[in-house]
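Alright, structures below, take your time with them.
Each of the two complexes below includes chain A, the first together with chain B, the second together with chain C.
Let's turn to the complex of A and B:
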């Protein structure tokens, strides 16, 4: 009986907790659970049904094999609270101090399966992950119907319990990768994972890494194809993305969805993305290098026309470029914050600023506008928003080096970036690996 | 996993970086007719040494040079490898100084040479700290990015070639091989020697097929020939012997109407400079490995920084191009030690090791 007392004292602190008496097959019982998680009327109907069945088959209600949920053996208070927090319903008998834990009809607290919001699919499955872990697992399973799919479940965190699930394909993995990841997850079960950065820390990646060591995707199709090719997928409860490990350079250019197009188109898309990446990283630096340090590289006609367009611009090319780049970054950032209804305003205002006005006011040159527009567009040819964000940073390095050393600085900057990419590795798998298992990427 | 491809690419690009700047001028000033014979002679020497070296390494596989030498005796290894370490350090100094000078001469006339040297050293030090496997991967990526461009410029460089300048193919002086003792010829071996020694330092966990290296070396021959013959065919022997960087001058004459750039040369040279930076980081990594094995007390990170600082100071002390040429000449002795003695010793030790292994399996 003292368990019920405990819960009653708890109720005073947590008004969401209900303790409802009810009669079930001629016995008085008390139900305990969270109102916000349990659909009570539906649950009661189901309970009555179950109890009637039990009576019909001549089973006592609280016997171990009553078929009415799981009997809890000598639970302590914490076990009860955990069970309730997970959304289960507890049934206490009024005579003996016994308790059964059952899975009730729960309230729908997740959205339905919708189309993705950060990734677009032109041809291919459009259902996306949502916040419900089981739905997500189901989606992945639907997409890779294979008996080789293995699922390991973990409960992480101390203050904030969070379910997470590791999926992998038997026999496809780099054993070391799988082992390192599951070791990390098992060795630190008490670490809270409120966000991806915490997950990254849990997995032992540096805080200052400029490349995200895991790829996130909203599409079950992508997750399934990653599994197929031997990568490991991690799903977190309440997180509508699948975390794919390891992330590789090819993830910037290759997506499963491309395979719905003929090979020639697929390859040209990929070349296009590589060009996009190069244009995004190189163009601003190239402009500064050619205008400020090495104008003799250009054909004389072009050099003159650029010089002409910069006539009246009062500061050096570096400042000019930085100024406009910052404005573009601000536009991008505010576009994320703005509600969809005000979005068009941003487009209009940005269009005016970045269009004719700033040139007419002789603040920047015409050509810079073209270059920065091209840079920004090229930025988003890369697959995955998180990858595109990482790229935005590199161009500043090249910009500064170009302003100092001209074209030489630009190229040396490329070397630095290449060296950084070459240096990064995830659980012993270099970022620049050509992923071979399954023969799909490469 | 077989890393042959990465090793080969690294081998090729470090050589490419060294070929096009200093090599042509040495060959052109070493003899006036039949330059191909000097190129071929140097190249044969190169192939022979690479073959000897890789053979020795494959006998001793999977150990690297340092392990092999230390297998004979600690003191022996120390004495035999110390000159190599000195050679590497001198190579870093000369290369940094020379290429910084080239950069200022050709396209950064306003930038002080010290900042360029600092840039080179800082970048190559950082790369060398990431370790040999990362260096290889970087090399691969850079090769993929820059190599197509390089090939394009090399093809374009034939635009103004007059093939008659190739003649005469031979004269009495060339046939007698008297150019072998010409200082310029000996200096030209710079391009051959520095590049292949790193093969011996690759740790056992980077497996590669040693036999492939020798085969791939032949792919370098056209580049050696082109670097000498393109300026010869563009300007003729008399004129091109007056230029400090004949190949660069020859590429500078190329005019392509459909390109928005006037000086294609610059991109060409800068890609080569990037290869040189990789070469520098590779040599620096080699040096560090040697120093660490010789003096285990060193901590890698601080030792690399000290080394880089030292090199920078020495580079600052080199006053002019002439001094540099002299240094290049003084270094010849060490170069011969590194190029001849080390491969031969490696072969000898490798064979000995194999015999021992055959007796006591």
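Let's turn to the complex of A and C:
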């Protein structure tokens, strides 16, 4: 009776908690759980069915082997609350102070399996992860039907409990990588993981890192192929992305989906992405270097045409470029959160501003418009939004160095970026490693 | 912790000092520089006069203007022009330097050396010699500068209007020839054209930086042939046929026989027949080509030998057979008496759409 009293006092604080009396095979019981998590009418039907079966087979309802869920032995209040919070239903016997915990019919709180929203697939499996962890595990399992797939489950966080699951392929792994990741997850079980940055901190990555140390993908197909190649996949509850560790430079250019195309096309796609990366990082810096510091590198015709198009532009090339780059970044940033109905407005306004008006107003030269359009387009040839975001930053370094030292500055900037990339490593696996399935790294 | 703070401080100081120390505020954008394309140099008595053809571009139109000045040295004049211009004069894009004939005859040493010494004039700038006075030439260039004054550059540029009878000589080649024992150079001669912007009647033979003679367009072709610039597309008109050169290859062997230089050279030409007069046979056409080119070559070489100007750089071929002391006298002791066997081997690759009677 004591436990029930506890829950009753709790109910006053949490109106979502229900305590419903019910007759089950001639006994009065009290059901306890969260209305928002449990589909009550369905659960009651199932309960009645189970109770009748029990009566038919001559089992007392609250016997240990009744088959009606798990009997809780002398639970304390916290254990009860945890069980309810996880969405389970508790059945209290009115006669004895006994309690059974069962898995009810729960409300559908996840969306159905849909096509991805951040990654498009042209040729390949289109289903994407959603917020439900078990669905996600199921999706990965469907995509890699292998008896070697191993799953470890963790409950992380203290205030915010969050289930997370580590998947890896037995025998394919780099042991040290797996050991390090599972050690980190096991050593800090009380740390809350509300977001990926917290996960990154939990895994021991610097918060100042300019490179995403793990890849996120929305596609079970990509997760499965990462597992296949010996990487480790981490799934978090309520997070519709798989976290793939470690992230390497090649993840910018190579995607599993490419393998659905003939080799020649696959290689050309990859070359195109590399060119896209170079164009995105180099073009604004190159423009400033060539226009302001080293015009002798240009051919005379283009030099004259740029000089003509800059006639009357009051700002130096660096300011001009930064001005337009900031407008483009603003456009990108606002487009992310815009409702789809307002999206076209953005396109139109952005198109007009960036298209002609800014040139007519003599704020920037029209060659710069071409350069920045190319830069922005090239930015998104890279695979993964998180990688594209990282790239957006590098071009500013090159831009500033180019404005000061010209083409030399551009190359120095490249060297700095390469040195930084060379210094990054994830659990002893350098970022610039060429990943080999089953290979030894680090 | 201490190390971390130190590192942060170092990083912050690098970030802070880099812009301060770079001097980037002195950088001038491309639209604040004037980029002369052609420079003309002439000498009046002892004073130099420099003319610059500067493109003036705006988004709507492109034209050019002439700026000139005179003074004791070229750099003094450039400085004076720079002072008076609204933009900074930037010679980085200088494409052609035109010398007046009179200054070429007096000697180009001083001006070429100053161009080579200067850091902002590219060494690959073309050189040319104006047959007449510079001013009419520049006025013609200014009048016909539809694309910002790049016409004269396009005239010499291989991927634009260059043709195999026009010599291309860059400033570094002139400089190289000034101190070389075994190589002289030809600078193209230009003048304002009657209907075209400019025309090139031939080239000037420059020996040790001084103009000592000239060659005509036909001979310029042979000069280009020896220089390896290619003769594709040149049309040769003979008595019975007109042919177009499709490709060329030159083999030369050199030997010294008792103090006499002997050069055997064999020119392989592939030609297509463009026009015939009457019905010549293939053998006849080949013979005519051989005769015409050999005569022209021997004529050119004899006159060059007489001036002791090794424009074809034939001395280069004997460098491994002579001591350095002998090389000094190449121009005077060996070159004028060099024996040369020039043979032309012709393949008629194509007879056009009509057949030739064999």
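Convention: the second predicted complex is superposed on the first by the 437 of 442 C-alpha atoms of A that agree within 3 Å, B and C clash if a C-alpha of one lies under 4 Å from a C-alpha of the other, contacts with A are read in each partner's own complex, and residues count from 1 in each chain.
Keep this in mind: a residue touches a chain if its C-beta (ideal position, glycine included) is under 8 Å from a C-beta of that chain, and two chains touch if they have at least 3 such contacts.
This one's a predicted model, so the numbers in the text were calculated from it and none came from an experiment.
Contacts of A:309 after superposition on the shared chain: chain C is touched, whereas chain B is not. Look at A:300: by the touch rule set out above, it reaches both chain B and chain C.
Of the two partner chains placed around the shared chain by superposition, neither chain B nor chain C is touched by A:136. In the superposition on chain A, contact is made by A:419 with chain B only, not with chain C.
Once chain A of one complex is fitted onto chain A of the other, the partner contacts of A:180 are absent, as it touches neither chain B nor chain C. Using the contact criterion defined above for the overlaid structures, shared-chain residue A:430 touches chain B, although it does not reach chain C.
By the touch criterion stated above, A:405 is placed in contact with chain B and with chain C alike. Contact with neither chain B nor chain C is seen for A:257 once the two complexes are overlaid on the shared chain. Of the residues of chain A, those at positions 293, 296, 300, 404-405 touch chain B in one of the two structures and chain C in the other. Listing the residues of chain A that touch chain B in their complex gives 293-294, 296-300, 302, 404-412, 414-416, 418-419, 421-423, 430, 432.
In the complex of the two chains, the chain A residues touching chain C come out as 290-293, 295-296, 300-301, 303-311, 313, 316-317, 366, 400, 403-405. Across the complex, chain C meets chain A through its residues 18-19, 22, 24, 27-31, 33, 35, 37, 55, 57-59, 62, 90, 92-93, 95, 122, 147-148, 150, 153. On the chain B side of its complex with chain A, the touching residues are 103, 107-108, 111, 115-116, 119, 123, 126-127, 130-131, 133-138, 140-142, 145, 259-263, 266-267, 270-271, 273-274, 277-278.
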